[in-house]
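Just so it is clear, A, B, C, D and E label the chains in written order, and each chain counts residues from 1 on its own.
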Amino acid sequence: MKEEYICRCEEVTREEIERAIADGATTLSGIKKRTRAGMGLCQGRTCRRLITQMLSKTKNPAEITPPTSRPPVRAVKIGEIVEGEDD
Amino acid sequence: MKTTEIAVIGAGPAGLSCAVEAARAGAKVTVLDENLKPGGQLFKQIHKFFGSREHKAGTRGFRIGEQLLSETEKLGVEVLLSSTVYGLYEDRLIAYIKDGKDNTLRAEKIVIATGASENALAFPGCTLPGVMGAGAAQTMINVNRVLPGKKVIMVGSGNVGLIVSYQLMQAGADVVALIEAAPKIGGYGVHAAKIRRAGVPIFVSTTIKEVLGEEMVEGVVTVELNEKWQPIEGTEREFEADTVCLAVGLSPLTELAWMAGCEFTFIPALGGHVPIHDKNMETTLPGIYVAGDITGVEEASSAMEEGRLAGVAAAESLGYIDAQKAEELKQQIWARLDALRTGPFGEGRFSAKLKQLNSRRLLA
Amino acid sequence: MRVIHHPILGDDTRVCNATITVDGRQIPAVEGEPIAAALLAAGIKKFRETPKHHKPRGIFCAIGRCTDCIMTVDGIPNVRTCITPVRDGMVIKTQKGLGEWSEAK
Amino acid sequence: MTQKIGIIYQGFPSEQELAKAPGVPSDERIKRGPVAFIECVQEIPCNPCEEACPYGVITVGKPITNLPKLDEEKCVGCGTCIAACPGLAIFMLNGSKQKAEISFPYEYYPLPEKGDVVDCVDREGKTVTEGKVLRVVKSPKYDATAVVTVEVPMEYIKIVRSIKRLRRS
Amino acid sequence: MKKTAEIVVIGGGVIGTSIAYFLSKRWKKVVLVERDDLASGSSGACDIDIILQSKNPGIHLKLAMASAEIYKNLPEELDFDIEYENTGGMILIEDEEQLNVMKEFVKKQRAVGLQVDLLDFKEATKLQKGLAPHLVGATYSPQDGHVNPLRLCIGFARAAAKRGAEICLGTAVTNIKTENGRVKSVVTNRGEIETEIVVNAAGVFTPMICEMVGMTAPIKPHRGQIIVTEPVPKFVMGAVLCAKYIVAKYNPKLLEGSDDLETRLGVGLSLSQTRNGNILIGGCREFVGYNRSTTHEAFVTILKHATRLVPALKEIHAIRSFAGLRPYTPDGLPLLGPVEGIEGFIMAAGHEGDGIALSPVTGRIISDIILDGKTFIDIAPLSPGRFGK
């Protein structure tokens, strides 16, 4: 059987996430630290919900909040950032 | 740094409706959208909308988009396209990239109308080329005019799954089957009936066991689920297919609201964590409003109403509409929203939205 | 395959006015359409191979979020083809892993 | 697993659901001449059919989730409501002639042409009989929804609801 | 539920987990309490550098060199891939003024045995591509390196747990009970732990823990912001800093009078690339209390500074930024060792930006002090009491 990828960017499988949960991760950032799931190019935008579902087997999903939201919310070219106005 | 009175992030149905209302009242409105074209998801909606006349029922989504655009133009709303908002900082400072440069915009009021994004689903083979979001397939056929594949398996029987299945056939593809993990069809029966007439079988209590193929999708093995949502051995079925579309729900795109520091509440019926807002669509942060799917996933019709509400409220707070007139307008919009949130499909959302409003009151 | 005739949207009257090179193969495209659309029209579904397990990927979200469809375009890796418009003469490569820097880098 | 019947399981309304639907005319009325047949069995927020009817014989009222009610005696079978229904759930049946005439909305490419002999399908998309295309009405008012009328043997009047999609060349 | 422990370590960052590891190596019954998760403070919001050549010759450099020694065998010892790599590192020099400071700096460092050289521009570009042509040169040391701080924390914690340490996550300390000037127990939201020894490794939150025993700690949060790029093929040679950072840290007088944004935000380059290919671009230093927000000002200023020195970065996309609070002390050195007057209360905090580099040696020193009463480096200059009460 093929692998079941949860985090598509960092190629993290369901099994790896289950192991991280067994290792004590109870939050999305705990999973992220242990597996890199959510650290990829899309910054967890695709896998967040799937991991929340896995975590919610042992934790109230209301308490599973996304990791701190930080700019940039879209990938931005560094050259464009530095081209900006001087304020 | 640019300044404006009302900045609207997202030029979808909610954002444009908001801009129209606020500009009509006289406010200076700037709409930002990362796409080349405004309209958000409206331009891939080629079916006729439900609702009543006030909700533009019977009109195809893309035409509603065209109408909204021409209204914003007439009213002189500034619509900044290809403008990627990447940050929302303290003191209502919006950072965005446009024309290959960094820009900032400070607004007196900000309306976040960023919509929602499709949920993913994991199964063996879910990363193979050919597995994609139903919305992705919809964009390809209706906006870009290319077929993602010829033989499609649709996963999910909500309105998105049903409608996209229909539209894939309109574009010339075959839908081999639609499968649904729940024991019943989630979307409107009339949408299901359309694709059944076209010969698409719908399998409830069924999920994907595996997608076949090494380099791309070649087939799909499904399996039936028991009452505990566990696969039943021996019920596997194999389909030949080159495309798998996932229509397993949407989640509000809330990052900018989190970043701004809005308080959230958890309401599964609305798609998870959603920003708390009051009856004016204002969040827990004064001057920051939300509208549309970001406040909880619904139909485009409700998104437009919420947008209008935010537009009226923001314009009122800036003094462009007097309290009495604003109250009148808001009453009308609330009534229209209530009309959309009735019946077996709407009740759940009605009580969910009520819960959302109550959490605002509890905080106050 | 392109959807030329459509019962609701009518006929697609655009013409392929651009040519892009994909892994050495020339394919016709419409200036301004997303690169990913031009590739699908030409029957190309595999856009890259992942860095860790070298698995094929293609279009997934089509709105620039998931980054599954990234390719190396004109020597720059990680270009999201679903939201990057076609320009005539673009040179596109199936991205292997993190891709390669062109000589300029 | 036993097959559960009904729109939420099968994706099309069962006989029982149709029997209860206030938009479904009586057999006797169908025999008398063209009449709308509204297969709307779920309370969804939608009422364009009410406004579309030039004779005011379809009533939804408030709330707009009410099921559309057809006044079968006053319905003249003009067919205007067919293309107006966003759910493509309204059909027109005429059982007054030797053969049954069934009109339905059609939004696929290519369209059939008058005189074509086509495969006619039931609510599950199964081909049940051949039929002849009598009319294909396209109107700007219908906004790209065509209304097709086929002629089939009378026993299929309550079975046939569309035609098999025609292949693109 | 009441528990007992020989030693309680407060804090699940690199310092706390390192101490827990070194103590458990000698089979002590250690309980580590962390109110959140491993690496949820500064250790999870920093860069990956282990830099020796940025340290002032003296106790600071001595500690860093001892730590670097430990790092060499650490991956094997922990039996965990901490992504440690001895990559070498360089400090980019922009002008003659900086060059003069660096010349002096290098001379002193070499005198105490650090391998470090001055390179001219040509030599520098051989090591790091994409440098701006206006640079006058760089220093280079082969002794610098990288580690993944998250994996370092997890590696320490797992190795400690394997040797019997108990790692209690989601466990916040609410009080420390003392009796006759001796530590008696640590009270947490999940119960009380009887112990005679408490190690305060709470990073920027150290002052709150200190208050529980009536002590004030001169530690202040110093906010740093870092930008993360998309993963790209190998680009950064190892650890790359700019001389401005060194000048700002050790010769702040040279910057006096300049009030440009760069200086005001304490912007200096720190560039490194993770094994996955993400480039980390830092950073800045601001006193803004416990505010962990990122700012647009810093985002832009850091990137402008970085692209001025390494213009090739312009083609790359930024995908995230983050802010971390570094535990600052007035003299830039950590507070290590027992606290006079509160028997059993040991400090191990205030490493500012050097926590990653110094974590192994800190673990070793604190374990030595607790178990042997002495250690291999004279830590008198690091005494927690050195700033007075």
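Observations on the structure shown:
One rule holds in what follows: a contact is a pair of C-beta atoms (placed from the backbone, for glycine too) under 8 Å apart; a residue touches a chain by one contact, two chains touch by 3 or more.
Only a predicted model underlies this, so the values are computations on that prediction, with no experimental measurement involved.
Chains touching both chain C and chain E: A, B.
The minimum number of touch steps separating chain D from chain E is 2. Of all chains displayed, A has the C-alpha centre closest to the centre of the whole protein C-alpha set.
Of the two chain pairs considered here, A-C and B-E, the higher C-beta contact count falls to A-C.
Set against the Cα centre of chain B, the chain with the most distant centre is E. Work out the mean CA point of chain B and of chain C, and you get 25 Å between them. Centre-to-centre, using mean CA coordinates, chain C is 43 Å away from chain D. The centroid of the Cα atoms in chain B and the matching centroid in chain D are 30 Å apart. In chain B, the residues that reach two or more other chains under the touch definition are 34, 60, 87, 89, 95, 102, 104, 117, 120, 127, 170, 172. Chain contacts: chain A has residues 3, 8, 10, 40-41, 45-46, 68, 70-72, 74-77, 79, 81-82, 84 touching two or more partner chains. Among the residues of chain D, those touching two or more other chains are numbered 107-109, 144, 168. The chain pairs satisfying the stated touch condition come to A-B, A-C, A-E, B-C, B-D, B-E, C-D, C-E.
By the touch criterion given at the top, residues 37-40, 44, 150, 153-154, 158, 167, 169-170, 229-231, 276, 278, 292, 294, 296, 299-300, 303-304, 306-307, 313-322 of chain E touch chain A in their complex. Here chain A touches chain C in the complex through residues 3, 8-11, 40-42, 45-46, 74-75, going by the rule given at the top.
Contact residues on chain B toward chain D in their complex (touch as defined above): 47-53, 57-60, 63, 157, 169-170, 172, 183-185, 188-200, 202, 204-205, 224, 339-346. Within the complex formed with chain A, the chain B residues making contact are 1, 34, 84-89, 95, 97, 100-104, 117, 119-127, 210-211, 251, 254-256, 258-259, 264, 266, 268, 272-273.
Of all the residues in chain A, the ones that touch chain E in their complex are 10, 23-27, 29-30, 33-34, 36, 39-41, 43, 68, 70-72, 75-79, 81-82, 84.
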